[in-house]
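Both of the next two complexes hold chain A, though its partner changes from chain B to chain C.
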Partner chain A sequence: MLAYIIRRVGQSALVLLIVGLVAFAMFRFVGDPIDNMLGQERTAEDIERLRSQLGLDQPFVVQYYKFLEGAVQGNFGVSYRQGRPVAEILLERAPATLELAMVSGVLAILFGIALGVFTAIRRDGVLANAIMSASLIGVSLPTFLIGILLIYLFSVELGWLPSFGRGETVDLGGWTTGFLTESGLKALILPSITLGLYQMTLIMRLVRSEMLEVLRQDYIRFARARGLRDRAVNFRHALKNTMVPVITVIGLQLGAIIAFAIITETVFQWPGVGLLFINAVQFVDIPVMAAYLMLISVMFVGINLLVDILYFFIDPRLRVDRSGGH
Partner chain B sequence: MKTTLAISMAAALLATTATVNAETLRWARSGDALTLDPHAQNEGPTHTIRHQMYEPLIIRDVTGAFEPALATDWAPSADDPNVWVFNLRQGVKFHDGADFTAEDVVFSFERAKQPNSDMKELIGSITEVRAVDDFTVEMVTDGPNPILPSNLTNLFIMDKGWTEANNTVNVQDFEGGEITFATTNANGTGPYVLQSREPDVKTVMVKNDNYWGIDQFPMEVTEIVYTPIQNAATRVAALLSGEVDFLQDMPVQDLDRVNNADGLVVKQAPQNRVIFFGMNQGADDIEADNIDGANPLADVRVRKAMSMAINRDAIRQVVMRGQSQPAGMIAPPFVNGWTEAMDSESTTDIEGAKALMAEAGYGDGFSIRLDCPNDRYVNDEAICQAAVGMLGQIGITVNLDAKPKAQHFPLITDGKTDFYMLGWGVPTYDSEYIFNFLVHGRESDIGTWNGTGFDNDDLDAKIKSLASNTDLEARNADIASIWRVVQDEQLYIPIHHQVLNWGMSEKVGIEVDPEDQPKIKYFTMN
Partner chain C sequence: MADPVLSIRDLSVEIPTRHGIVRPVDGVSYDIQAGEILGIVGESGAGKSMAGNAVIGLLNPPAHISKGEIWLNGQRIDHLKGDAMRRLRGKEIGMVFQDPLTSLNPLLRIGDQLTETMLTHLPISRAEAEKRAVAALEEVGIPGAAERVNSYPHEFSGGMRQRVVIALALCAEPSLVIADEPTTALDVSVQAQIIALLRRLCRDRGTAVMLITHDMGVIAEATDRVAVMYAGRLAELGPVRDVLTHPQHPYTHGLMASTPLASQGKRRLHQIPGAMPRLDAVPDGCAFNPRCPHATDKCRQAPVPRVSNGQAACWYPLVDEKVI
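Entry: the complex of A and B
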């Protein structure tokens, strides 16, 4: 078992290294950061001086090595655009993204499961069919369009909710939170719906189809034959058995919510790490791009590693196969 | 006793009027200031934020004309042509209460000349700044410099004592990631005082009740809340929904919507920026075309024909939705040296252009790559697309290659493009600035943006002599003669002057500043 885990960890580390290498190989195609950093009055000497000062005159492999060298010591370099340490900026921005992701995730899970169960039980109902049709919109419309539509409706036309920003935030020892003020909570509504809508419809459709599958099973029929109440059949027996694949998907989607907050954050000027990344790409802010990409890949690889290791515990066949050689 | 009472009553009265008239200006544009350190970055939006809190010796008003700020008047010294004398404003205090004196000016200029300063090129000609007395400063230049004041309008004055007390005597090492006290704090003499700042999120400034010009300017805004909003649609939505009172970086396609909305207006003015195409005429053969062993762009007839093929009115109407002013020269209209006659020299004449092409031996046309930015100027890529069709009419097959600015501009400065789009603004309001960067032959510190390969030694000498020619009439004559060469050579193909749009709530009263640098002290609120 230890060998299995070590092998998985080793593979994950290799994936991370390759992601970093590919990222650094791509940066040069994003453009030349020097151009954004110096004004139009700069001279050729200024450009040369800055280029060698930043190490941009070296091959990307060397740049990557230097980045790794700093990263293992917790030093992700300095943002070209803001002139501040990247680690500090990321820490400052993380609460905004994590709070948004959390609220979207909770909304997606709650509504996704509730609507999924509802549409499965009332398969042929008018309302259930209406929800199913409406969910197509959630799956097919691009996030930025949903965001703009929500802004148009709730901010411009109705004037109920703010169109941008986080509202007032409260600083709790380095963690800024929008949960404690009215404007902060209001500001969360539209972005979290925008971000969570896709996941919600995904979970809803998954729950529905799993549930329909389960409801056809013999034990459900027997349960009904025994005269159990609908509620007990649907929720105690059917839903429980539906949840296994749903939880796996939810776990993986959690990473996606954080990683793909980029678009939502841009539309709502949400001051999180996604917006930071978009700004970094436009400015060719290599240290920020590198740190962000590494962070996201660490997150994805970490989740997958965890899932792999969990399988090992959950699925006895894996254990049997591995120990079969002895 | 009586006086104390009177004072406290007056204070109470002031306090009530202040609260009664509290006017918050919520202001948004696409980007944020990069730093607050007055000398660390020479960049438009960064200067704009600083202008509310710090002041230079001289500023430009909404028409672009000089206006005294911390200097009350200035003139070249009668005794020495290499010296400018500045008389400083008396009785001015920094936000922390310290007095403003000549010592602070000397200190700020020395600071701005440090190696880490991004402002050092602008004042490169200054060799010494000395305080004659508490309110007189002399600036010595390395030769007569008739347009020195033009370079000082973004050079902010800091308090010497404050920087020493807070350990920020040295300019922030921006590239090295240094953060100093001055990066996140501000202590200027300006009309607004920094209250709080989260980079990229929100900056709040409040009215400086001790400002020297409090009675001279409207100063009706008591609090400024500045928020960068990057996404154009969100930015406009914020204005439409009333969450923002004043908006810069208005998207052209939303102008009508904002104008038609209740309580909102769009104001516009020609911007200090001209858009044009450059052509590499200097090389014997160019890579971007399909002609081997020759460079069609080297022939002035081809360059003229290309200019004649561009229909600027069509670009204005179709691509720019009326938001541009066709150009005949590559100087914005407020710049010294601009003339209406030259600015209307561009004509559209397809038949004439075809004839010129035939005369030059390219009657069958040729193909060439056009490099264009897609995130720098208003509708930049769309302008290039329009040009592709127009040049096609005279047989030139243009392959458009549009890229983000971070990839586009290095092509020009590294000489890797033969046909490109560029836009140029002139912070000094003088043609010399244009010649230095776009007309002078390319060397390491001059002609850096001249991607045309044009290099004329006589003209270069003339351009260099402008810097020290104090006879303004002779100097203007030289400028006119240099422009004549630029026009006759068709060094560039001018397209148009950009128009600047500011969206605002009707209660905000301000005219558009051609430099896109609103100074909130001029704003009225009703």
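Entry: the complex of A and C
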């Protein structure tokens, strides 16, 4: 098991190195930050000074190495636009995105699994079929449209919930949380539904189809033939086997939630890293863009690694096959 | 004779399909006594499994019992629903499936699968159930049972897994066991062991066994009586010796002549001409008549006589026609 984990960590590091290269390549090939940073009245001297100050006059390899060295230490340089260290800006913005992603993820997983199991067990029921039909809407409507519809209904028409921002936040030693104030919690509702809906329907449909497949297996028939209660058959025997393939997808979807947060954050003007990224793109603020890219990929890779390790605890066959030699 | 453990009376199973209603089990009757092993033979699709599933209440809808009665230890069970039927499964009726590789839940330790089954049916403590789980594995001949309870199914070979399946089917001490081709998926070398094990355990406990199989060797060796099924109907029922060596029904005769028995040595095998009819095209009269060398007009029109012990469902039973 240890060997397996070490190998997976190695693979993850390789992936990050490649993403790092892509992120860094942006410095060279996307726009010219000097143009943006200095106004119309610039001298050649100004340009040279800024170039060397930002390290843009050094050879490619040296710049890449410096970039990696900095990235490992959490140092992504200085935002072209705000003139502050990128890491500082990201840290400031991260809690908003993480809280939003966490609430969306938990909603998506809880409701996704519960509804998936329900629609699988009550395969021919009226309610189950209605849920399945409704889920098609969730899969096919674009996120921004769902966000706008929710805003229209709950903010504009009913006036129950705020249409933008995080509400009041409380600062817990650098981590600003919206969980502790009423307005903060209210502000979370619409964005997290918007962000999580697609993932929820995806998880639900996947759980349903996997569960239906599992319910056809011989061991489920044998469990029934032994007179086990429905609850034990459905949840102890079927659901556990259903979760093996579902977990991978859930892991990937959690990464996707953070990545898709860009759209939701834009619609709701949510002050997270997604909105930061969109603003950075408008200004060709490459250090911020590069750092965002790295951050997202670290999360994807990290979640994937966690998922693989989780397999060991769920599926005993892997424990033997991979760690015990041949 | 004592009351039978299982008594099936004129049982029919129907499935509504797009081409009309088909009847995979059609008016079948037989009894199984305590400690008796009844073999069920017949071609693929004859309705053997369907009859077994009807008894344990696991017919897949839309298949359902359309006629007849099933009695278990003097209790009528064919109309039992939901939880009442579930309580009988595992407790009064055990079932062994064909493929031990897929019968066990791969994610649960076999000890847990055993204790779970016992705790569902028996008023015992968890500690007691765990003790009995080890004993159950010992009884089916799993070496090192005390440690093996903590193993997962994939850590066992096919033969060992079928022993575990048998332990699971018997752990709540049912009075009837339905074994649906319990050795078909196994290595030839362990088939005999599994049959011997099943036979020994059921003899010891006086369990009635419905043993569905294609293997005439198994029939000859393990069963007391044999029921021959054809197109959902019973063709013949009788003591194993009589049916194997003096079959009365021409179908049984063809079936025996077309199966190699160890005692016969090498010999050209006979083949019954034609194929079993599809369920939506069962001929009038005797279902076997298009393939039967002795068929007359009577066979094509009149319903065949009922099967009773020692009497085949045939107007012209073969007399003293030896297979060997």
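Criterion: the second predicted complex is superposed on the first by the 226 of 326 C-alpha atoms of A that agree within 3 Å, B and C clash if a C-alpha of one lies under 4 Å from a C-alpha of the other, contacts with A are read in each partner's own complex, and residues count from 1 in each chain.
Everything that follows uses one rule, which is that a residue touches a chain if its C-beta (ideal position, glycine included) is under 8 Å from a C-beta of that chain, and two chains touch if they have at least 3 such contacts.
Small disclaimer: the values here were computed from a predicted structure and weren't measured.
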Which of chain B and chain C A:Val126 touches, first, second, both or neither: neither
Which superposed partner A:Tyr219 touches (first chain B, second chain C, both, neither): second
Greater residue coverage of chain A in the superposed arrangement, chain B or chain C: B
Chain B versus chain C as contact partner of A:Ser79, first or second or both or neither: first
Which superposed partner A:Asn241 touches (first chain B, second chain C, both, neither): second
First, second, both or neither for A:Ala3, with chain B first and chain C second: neither
Shared chain A contacts, counted only where both chain B and chain C touch the same residue: none
Residues of chain C defined as touching chain A within the complex: 56, 58, 86-91, 94-95, 97, 99, 102-108, 116-117, 120-121, 152, 154-155, 165, 168-169, 172
Sites on chain B touched by chain A in the complex: 34-35, 40-43, 118, 121-122, 172, 174-179, 183, 198-202, 227-231, 233-235, 237-238, 240-243, 375, 403-407, 409-410, 413, 437, 444-445, 448-449
Residues on chain A engaged by chain B in the complex (per definition of touch): 29-45, 47, 50, 53-54, 77-85, 148, 151-152, 155-156, 159, 162-166, 266-269, 271, 275-276, 278-279, 282-284
Residue ranges of chain A touching chain C (in the complex, touch as defined): 217-219, 221-230, 232, 236-237, 240-241, 244, 314-317, 320
